[in-house]
Each structure stands twice: as C-alpha cells, then as structure tokens.
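Given below, in the form of structure tokens, are the structures.
The following pair of complexes shares a single chain, chain A, combined with chain B in the former and chain C in the latter.
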Partner chain A sequence: MAWHNIAFTFGSTLTASKIGGLQDNFTALAENATGSPTFSSRSTKIVVFSGNGHIHSGAGISSITHGATGQYVLNVSTVFSRGTQAFSGPVAPGTFYRSVPSFVLIGFEANVAYSDPSVRVLAGANATTTSTATYQMNFQAVNNSAKAHEDVYRGSVVIVEHTD
Partner chain B sequence: MGFTNLTFTAGQKLTSTIMAQFDQNFDALAEGDESGPRVPRPKVWGHFCGFSTANRGIYATKGLSSFTRNATGAYTVGFTTPFSETNNVGICLGFEHNTSMAGDTYVRMANVSSFSTTEVTFRNRKTSTSANSDDDCNAIFIAFWEYTT
Partner chain C sequence: MAFTTQSFNSGAVLTASMMNVLHANFTAVASRTTGAPKVIQTNHAWVRFSTTGAIKSSEGVSSVSRSQTGEYTISWTIPFSGFYAVTWGDQTQLPVTDPSIRNWRAFPTNSGNVLVTYSAANNSSTAKEDQRGTISAWQV
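Right after this comes the complex of A and B.
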C-alpha cells in the first residue's frame, strides 16, 4: 500500500480522502512503502528455510541455491548497497568494497540426538564481499575427531539494512 | 489492543468512537498486534541462564513463560502465547559462556534442537581438538522473528 504524504492547512476541509489516507498509512508504514518513515531496526530481508534450500517463509529473498551439502546461497530480491571499506593497516592496505547489510542475524535448528558429539555452526561465507546480489553461507559440524559440512535442518536469517 | 480497519466516506460523521479507534491503531501497530499491519521485528525474545545453580532461569523476556533445565546444556523454554505455526518463525540467538577470554581451548555453540508452536529446546556443546562434551551456558539471548504475509 502506498504512503500518502498528507498536509493539513488551517481552514482546509478534512475530507474522507485525507483521513482515509491517514488510515492507509498504518499499513504503508508497516510495509515500509516508498516515502514512509522507516521503523528503526526493522528487518529488510528475512528467510526461514529447510536443509534442501526450500523457503518456508520470507521477504526480500527471491530464492536459495543449495549447492553442495551444507552450502547455501541466498539470492536477494533487491541488491545490497555497495560500500567502500578502507584498510590502513599493514595486513591488507587499500580500498575494498563490501555489500552492506547493517547486520545479519543467523540462527539454525539442528535436529540431532542430545548425545551427538559435534558443535555446529551456520555462518556467512565471505558473503559481504562476494556479491551484492547474494548472501552465501555454510553449515558445518565439528568434534574432536572430524569436521564435515552438513545440511541444516532449518535455518533462519534476518538482515537489517539501514543507513540512518 | 486490536487494530480497526476504518474506512471513510464523504459526509460521514467523525464520531469520538471512530477517532478513538483511529488513535488506538497507533497502539496496535506499536504493540505488533496480529490484527493489524505488522512491522518485521522480533515477536518473542528473552535472556536466560542455563546453570544448574539458583542462577538459572529467565532474566528478561517478552513472550517466554517458562524455563526448564533438562540436563547439562539442554534447556526448554515455553511461550506465553503459542505461535500459529513454526515455519514462519526465524530464530536467532547469541550466547555467553562463563569462561575466560584467553586460554579457553574449546569452541562452543548453542543452537535450537527442536521447535514447536508451544516451546523450543536448546542444545549447547563444546569441542576441542581432544574432547567434546555438553556445556552449560551462562546466558542465551534469543529472538523469534515471525514473518507472515
């Protein structure tokens, strides 16, 4: 629903159109419609997905490419902005580019037995420097004798992009 | 507080009831009431401690009603209001261990073990190059994001 920029002047008639526009703005605000004020810290992309890359629910993620076991590429509907990042230190001096979600929250469900010995991690894999159109991730399990990629049971990613 | 879908027509009288409903819609939007438009943000969140001592339990929450320590590194928390279903809910968590910043030889990770509309269970483990074991968290910070179109 579109956001209505409504102005009121002294003596003007409060029309049904104007107050109807105000009512519509509740939905426009929630949907972050163009021109509406942005709720601080709202998520702009969110997805809940299963281990084969199927999207259960979400917004702003058009599809997930499930490559090898434990590897997922989130394809975004609207590309991330591209920001510069200047390093001045001795390790990697120079200017680099980084796609800039303000922050990314990642969670997962591992449906394994309580006795399973491994620690598991779902994390971005060089995601912010690879492409502005994707966010790539991997899921791994590790214990004291082995390490392997696994398919996650259910993953969730919440992305917040704000420049304010 | 519920959200009221109001429509207006030319010549309609703006009653105090209508204007009160209009005003209450701000509250419904801010409170994330399910009857109104929803801003994508956490619906339920909390902070709990998993120790076996009296320190265990929920310290801060919106929407968590109970905490159970099932065993070392195994916890269950219940929701005040059940989710309508689980596949629309993204779960993100952070955790804290009662370890020194330097010298800890383990990698540790807490994650969701099972999730139903009424409760969620967590599992926390640690591993090093020589050993694995269950592990208790000093704190788990959890947020449930429900996205419905």
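Right after this comes the complex of A and C.
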C-alpha cells in the first residue's frame, strides 16, 4: 500500500479521501512503503537465506551469490555509504575504502543434534573493500580436532544503517 | 487496544468517535496488537537471560526455559509469521586470555519459539556451557 502525502489547509474541505489516506498510512508505514517516514532503527537490509544462497525472505538484498562451500556474497539493492580507512605499517600501507554498514547482527540455524561438538560462526568477511554493493560472509565450524567451511542451514543477517 | 480498520465515505458525517479510533490506531500499531499492520524490518522480540534461563529483561518474550547444559528455549509472546531473523550475543565472565571459541547456534525456528545451544571449543576439548545470553528476533 503506497504512502499518501497529505496536506491539510485551513479553510479547505476535509474530504473522505484525505481521511481515508490517513488510515491507509498506518499500513504504509508498517510495510515501509516508498515515501513513508524513515523509521528510526528499522533495518534497511535484512535477509533469511538457505545454504545454497536462496533468499527465503528479505528486504534490501537483491540476491545472494553462493561461492565455495560456506561462502556467500550478499548483493544489496541500495549501496552502502563508503568511508576511507588509512593503514600504515609494512604489511598494507596506504588508503583503502571500506563499505560501512552502521551495524550488522548475524545469526544462523544449524540442523544438528545437541551432541554435535562444533562451534559454528557465520561472520562478515573481507570488510576492507572498494565495493559498496556487496557484503561478504563465511560460515565455519570448529572443534578440537578439525575446522571446516560449511554451508549454513539457514542464515540471518540484519543490517541497520545510519540514514540521516 | 485493538487496531480498527475504518473506511470513510464522502457525504457521511465524520464523527468524533471515528477520529478517536484513528488516533487510537497509533497505539495499536506501536504495541503490535492483533490485527494491526505488521511493522516489518524491525525487532519484534528480545531477551536477556541468566545462565539458569531466568529473564533479566525482555520484550515480546513469554518465557525462557533451560532444558540441559547450554540449551535454552525462547518462546515468543506473539508468534511470528513466515521467516524471521534470530541474532544473538553473549556475556561471558572469562578472561581475555581464555583460549576457547564460543558461540550460540539456533536450531530451525518455528513460529512460537526458538531453541538455542551454547558451545565452546579449543584445540583440546569441546563442551556445552550455560551462558548469559541475549537473543533478538526480527520480523523480515
């Protein structure tokens, strides 16, 4: 449902259309319709995806590229802002560009038994990048004898950006 | 307070009651009452709980129950519809020199709750641990 931009002017007739638009705006605001006011702390990019990169549900993520096992690239609908980051030292001196989502919350579902001993982590990767259109991730499992990349059963990513 | 869907017809009298209902709908949407438009891309429930599963603070969470070491079920006050995102954090009291890696993991969610387990591993052992946690759930 589209957001209605309504103006009320002194002396003009208050119409059913205007009041109806006001009622419709509850849904438009809830559903983040184009033109609706920015909802503070609302996630600008959010996705729940499966191990092959299929998007179960999401907003602000146009697609997910599944590379090697456990590796995912989230392609965003609207690019991140970009900041500069200067490095010094012998390893990587110079200036790099870094995509800067304000904060990222990450979770995952693992369809394994309680007894499974591994600790698993779904994490952002390769943060220093010139690309502002992607967010790279990997999923790994670690235990006392081995570590490996795995395809996640289901991943969850919530990105909140400073939109002022 | 319930959300009320109203229609306004040209020529009909606009009553104080209708305007009051319109005004009350702000509260209904904000408090996520039944029938209100679902506010997407926002956090719908979160909880901070102790190692025993006692709730320290929360919104939208009806209970946390600990079933065995490191395993907790978080039940939502209002069930989710469709897929939702679950994210987390922990609050260990371990020194920074602790060698283990730790994390939560969630089992496949359902509309009413999610089961999470906290695990630790280092190069010599693995274990489930009770942990103080924060879990948040977002409507996609």
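Just so it is clear, the second predicted complex is superposed on the first by the 137 of 164 C-alpha atoms of A that agree within 3 Å, B and C clash if a C-alpha of one lies under 4 Å from a C-alpha of the other, contacts with A are read in each partner's own complex, and residues count from 1 in each chain.
The rule is simple: a contact is a pair of C-beta atoms (placed from the backbone, for glycine too) under 8 Å apart; a residue touches a chain by one contact, two chains touch by 3 or more.
Computed from a prediction, not measured in an experiment: that's the story for all the values here.
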| item | value |
| --- | --- |
| Chain A as common anchor, with chain B and chain C clashing or fitting | clash |
| Chain B versus chain C as contact partner of A:59, first or second or both or neither | both |
| Touched partner set for A:19, first chain B, second chain C, both or neither | both |
| Touching partner for A:107 - first (chain B), second (chain C), both, neither | both |
| First (chain B), second (chain C), both or neither touched by A:149 | neither |
| Residues of chain A that lie at the interface with chain B and also at the interface with chain C | 14-17, 19-20, 22-23, 26-27, 29-31, 39, 41-43, 46-48, 56-59, 105-112, 114, 117-121, 142-144, 154, 156-158 |
| Interfacial residue positions of chain B with respect to chain A in the complex | 3, 5-12, 14, 22, 25-26, 29, 36-41, 71, 74, 87-93, 107-109, 111-115, 123, 125-132, 134, 143, 145, 147-149 |
| Parts of chain C lying in touch with chain A, wherever the complex brings them together | 3, 5-12, 14, 18, 22, 25-26, 29, 36-43, 68, 71, 82-88, 101-109, 117, 119-126, 128, 136, 138, 140 |
| Chain A residues within the chain C interface of the complex | 14-17, 19-20, 22-23, 26-27, 29-32, 39, 41-44, 46-48, 56-59, 105-112, 114, 117-121, 142-144, 153-154, 156-158 |
| Chain A to chain B touching residues, read off their complex | 14-17, 19-20, 22-23, 26-27, 29-31, 39, 41-43, 46-48, 56-59, 105-112, 114, 116-121, 142-144, 154, 156-158 |
